[in-house]
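Quick notes on the structure that follows.
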Amino acid sequence: MSKQALQQELLSVIQWFHAKGWAPATSANYSFRNPAPDQNTFTISRSGIDKGQFTVEDFMEVDANGQALEAFRSVKPSAETLIHSMLYEQAAVQAVLHTHSVVNTVYSWKHRAAACVNISGFELLKGIAGVSTHETTIQLPIYENSQDIAYLSAHIRESLHNYPGVPGLLLAGHGLYAWGSSIAEAKRHIEVFEFLLDCLNQLEGR
Amino acid sequence: MSKQALQQELLSVIQWFHAKGWAPATSANYSFRNPAPDQNTFTISRSGIDKGQFTVEDFMEVDANGQALEAFRSVKPSAETLIHSMLYEQAAVQAVLHTHSVVNTVYSWKHRAAACVNISGFELLKGIAGVSTHETTIQLPIYENSQDIAYLSAHIRESLHNYPGVPGLLLAGHGLYAWGSSIAEAKRHIEVFEFLLDCLNQLEGR
Amino acid sequence: MSKQALQQELLSVIQWFHAKGWAPATSANYSFRNPAPDQNTFTISRSGIDKGQFTVEDFMEVDANGQALEAFRSVKPSAETLIHSMLYEQAAVQAVLHTHSVVNTVYSWKHRAAACVNISGFELLKGIAGVSTHETTIQLPIYENSQDIAYLSAHIRESLHNYPGVPGLLLAGHGLYAWGSSIAEAKRHIEVFEFLLDCLNQLEGR
Amino acid sequence: MSKQALQQELLSVIQWFHAKGWAPATSANYSFRNPAPDQNTFTISRSGIDKGQFTVEDFMEVDANGQALEAFRSVKPSAETLIHSMLYEQAAVQAVLHTHSVVNTVYSWKHRAAACVNISGFELLKGIAGVSTHETTIQLPIYENSQDIAYLSAHIRESLHNYPGVPGLLLAGHGLYAWGSSIAEAKRHIEVFEFLLDCLNQLEGR
């Protein structure tokens, strides 16, 4: 797939998530791994754009350290670009999506003292790549939020191996990250986690 | 009605249910009985499609055993096709719809130990074919979820006669099935059950 | 305003209320008083139409007794037409709208033993014609639901004078009626009551 | 930016907020400071318009005292115009937006006896101009509602300096005001506060 086609695909996802209310104000950020031979660079939404008005002009490209490529030096990357580039260290990750819903904010805030949320029993778990039954337990990690993104991404890098096969994480009171082997898979993972967190929130009596 | 017209009608329903949030990720599946002389075969949504991007190209046809017809052998049918074909054993059933809403997931999970949910007193019960007053009690069965769909469909077949005149069932933590004598009627039944489960969820204090 | 213009105006309201989820399945009905010299007849939505597919062809006309006019004898009027015609006995009433939301169903069901709901203190009360301050109390009557519409409309007629200046009523577990001196005013009253019932539901802890 | 461009920008915001359900009935009002050399006059939505049908024809212009300019003498300004003109006494304020959501009504009503709501810990706080970390506390003032807008705006004027850097306020049981150095910033502030109040409402158990 060409970079242009990937941009169009991601743009559709951005518009859908905005319509769902998962990107209020100018929050949320989104990226994909550039196609070969540039797979060590990434296309990412730039900072501060109202996602209801996002266009392909609002994408920028960064390297594996989260630094803007030459052609995009005048554009401010999102502070959280470092989390994206850290997640791309996993070779299979082709897209990283980050949403700010009321549901994921409320749930992660309530459980900010926990290491992870255990999710089991729901059919929709099967929407996660590699999961073939509801009779399983997924541990979605919850990290304390921090404005020191270099620290935060290093901290996540160190512990993420404790959650094999779980393509997502929560930042407490902040939002949800999910990723996948394609934009479509990462989108599916976001929808699965948003749905399951909504169920859990309600079952816990909020 | 021609198969093409039925496909268009079902496609509209699929898009509406997706907009309602009742088919997150790539969940939910939908079918109708093919028109005569092919009424022992069924048109069904194929597996794994994001319902926000569903087109008529994503329909396939199966026989009474849930096996893909010759022309569709290369397409993967949904695992749940067997539930659809079991429901079509009732001659009057012309359409089967299956949704995954937060509401039906939460409600069926809370009551997963119950055999059924009793619903009475609400005017919207009259949206169910054959019901002419709110002063009645509908028993919507709840089945334990299973990945063994052959077992599950056989199990449902054995007990569904205990719920005469109730065109729907819940799979606990999984979703809602509803059916009818037309696509429009099956759609109406889904809307009735989704609405009533939402009311019950709220009245129970979630 | 011509009957055609009024039909177009009401059609827009029907589509908006459907999009809000206030007319699930084929529920809800809507009417306006025909313009002079036919002001003793009414245009009303016919029974059993999915409001997502409603067109001007789905309107019919009835007389002051709720009977179909000559040109519409082949069309089935809604059972609730009698409630509309009873409300039009108030000369100032030009439009009657009836919605089935989860909010009004849950609230009216919880309080089905009460004669009315008292609403006070909210700024949006000023959306009701004649109300100029939030420092007032509106008593919205709640009636027990009945399938005997002749009885129900007679019962409402007898007691509605106890609620002067309140352009709405609840049927317990059924829905909300609101009316006004124009389609726009009746629509505004529906939106006001739906909003305030939603607030009350949440403040009561559901 | 020309007045026409600003009108178009604000019209888009009005339509988006209406779609979100933040302007039920004919509630909510919106304004911007006119461009130089007319920066002591303001363009504001006129009173009583259904925001689902709002067009640029429904804007009017007022002076620093909230009085209609000559060309708009025949148009009724909103009673709340005085709150807008009071807020424009802050030279940096370029736009003032006012929404009536269920969320802000419920939250402000529950806490109507409090002077303000304290909000801290959430990443979305960074959507407020000048806030660069979630590790802060924003105090959003809550005022008792009043129909005496001259009194209310004078009362707010006297105390608003107690809440420096907080571009919003609640009127209890009434709604939310937010402002900013541009229409886009004021819109962002509304979205931030609506989001955070929704989170707080849920975390408090409603």
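Per-chain residue numbering starts at 1, and chain names A, B, C and D are given in the order in which the chains are listed.
Everything below uses one rule, namely that a residue touches a chain if its C-beta (ideal position, glycine included) is under 8 Å from a C-beta of that chain, and two chains touch if they have at least 3 such contacts.
This structure is a prediction, so every number in the text was calculated from the model and none was measured.
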Fitting chain B to chain C on CA atoms, where both chains share a sequence, rotation angle to nearest 5 degrees: 90
Chain copies touching (chain A, chain D) - same or different residues, decided at half shared: different
Chain centre separation (chain A, chain B; CA means) in Å: 32
Residues of chain A engaged with two or more neighbouring chains: 205-206
Residue ranges of chain B in contact with chain C within the complex: 16, 20, 121-124, 127, 132-135, 184, 187-188, 191-192, 194-195, 198-199, 202-203, 205-206
Chain A - residues contacting chain D, complex: 21, 24-27, 50, 52, 100, 102, 105-106, 109-110, 145, 147, 171, 173-175, 201, 205-206
